[in-house]
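Okay, so subunit A shows up in both of these, paired with subunit B first and subunit C after.
Let's turn to the complex of A and B:
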């Protein structure tokens, strides 16, 4: 039987992209945003000290939100410069 | 033919759109990298009343992006310099100059007199303060901010409290540890130029009803590759709970504490204390190769990376003043020192060595 493809794309902005050293990741087997945050904190401990919002398919995710198949997830830190 | 004829003949904008701009009162908070281009285009477009609020002085390192100012303006207040220059270009516009920083004490009275606010500030405490004041007063807020090569723009509070505001997206303010500003990371001047111009465009669209503005949306722009990303902001009860519920509560908020900032002090006050109190100490927390060095007042030189292990002379002193290039690292150093030296008076000097008030910039030429 063919394995179901559960991968999704993550795009990172600002300082998050700097800390994870790429603007784009492909992850799989992560069902929701809480698990995603836990995974990111473990893989990239520096992110534990940064606040950022998560969007799924260009809509801000509030609270723990399911990540649908083939979704585009964005990690959005605040900017303050002017 | 008048100076707005190209807008009069624009289909869908016309003389009606022009009249709406003329009748509008817009407040620009922060006449810096974002505020300068926004101001230039709002004034050129014919907004009738423009408030310009900024307590900061022009410094030489501002000039790569703060395009209203030139070398002759260094040391002059930004709101005064900006309104003088714009007045001479467009005498029919009512420019209202407010040469002071926005605070919980003045924000409500100042903002209440305008139809719309543009946030061109450069730090989180002020951004949360402006967001909360606009929320309490039901004023639309044209938000923008930059980080290195990226910028973000949004129209917040467009229809009052039913619309998105900054706390929906970021309920908890970051601490000063988290995000450096552009004086710490650098920026191409053209980026705030683009983003501030987008703020002017959103303002003109909002006021005139021409086109679609970024309602409850945040646009992200990257100057290196022109990639954009448009986010739909969602209502967020966590953010709403943190909002002050009344003007009284707003006036009692301490936004510098909310954002994890620590005590700051001006050069003038720090130097007074240093020259009069033998138990005070001045520390330069920059790397040893950073220029210009301060020869006067004999600062100790301890880079931020080494500050966690205080030397005996630090422990013995009563009052400690820290400075760096622009005032960001010294804030971090205050937090680090406060962890090991609980209860000691430790201050970060606002603006660092680049401040127009620093002893290096205050010394007259030729001496």
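Let's turn to the complex of A and C:
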């Protein structure tokens, strides 16, 4: 079977970046945002108590959303600009 | 003139200086169809936290997404209100207490559109732009800012 590259970049902001101690991750083989959230909760238990939304290619995902090949995924804590 | 359809940079490094605001007002004197301006200025407050007072807010943003979103909001507001001009500036990096971190400026033929549009813009900016403020407390700790509805 041909091996396809399913890796994608995850960038983290604000409190989330602080908790996972990095601003960028490269993950692979994660098909959608529900699986991503599960993975993150398992890998970084502290995130279980934090609210964050997920953006895929700069659009906020609503409900479980597919992560396309080579997507830029972002973990966004509640906004507090202004 | 002002009603261009391309995303503009809204971010300013550090505080928004009063001179910038004054110049921005002055730049509209040639636009004589304007009858009213509305301006909102956000200022960094010295809130009391555990262990001290806030001395500054450090802003970070998902810049590309924020600019796309700001463009979308801008287009919505231009469609909804008969505006002549609209300007949005938001700080990034450190802004000390008492300094300005947000400058929203709307202009129209008559006051109502400018005032309503300005209010709606501020609300949407706070709610929808991926920007985060970290409150730096004077005992060297920090607290992530939370936005309220008031």
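We adopt the following convention: the second predicted complex is superposed on the first by the 76 of 82 C-alpha atoms of A that agree within 3 Å, B and C clash if a C-alpha of one lies under 4 Å from a C-alpha of the other, contacts with A are read in each partner's own complex, and residues count from 1 in each chain.
Please note the rule applied: a residue touches a chain if its C-beta (ideal position, glycine included) is under 8 Å from a C-beta of that chain, and two chains touch if they have at least 3 such contacts.
For clarity, every value in this text was computed on a predicted model and none was experimentally measured.
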item: Subunit B versus subunit C as contact partner of A:49, first or second or both or neither; value: first
item: Partner chain in contact with A:77 - subunit B first, subunit C second, else both or neither; value: both
item: Touched partner set for A:58, first subunit B, second subunit C, both or neither; value: both
item: Touching partner for A:11 - first (subunit B), second (subunit C), both, neither; value: both
item: Subunit A positions touched by subunit B in one structure and by subunit C in the second; value: 11, 13-15, 55, 58, 74, 76-82
item: Subunit C - residues contacting subunit A, complex; value: 42, 59-62, 64-65, 68, 90, 101-102, 122, 125-134, 144-147
item: Parts of subunit A lying in touch with subunit C, wherever the complex brings them together; value: 11, 13-15, 55, 58, 74, 76-82
item: Touching residues on subunit A, where the partner in the complex is subunit B; value: 11, 13-15, 49-51, 53, 55, 58-62, 74, 76-82
item: Residues of subunit B that touch subunit A when the two form their complex; value: 30, 32-35, 119-124, 127, 144-148, 150-152, 168-170, 172, 174, 177-179, 181-182, 185, 187, 192, 218, 220, 229-236, 238
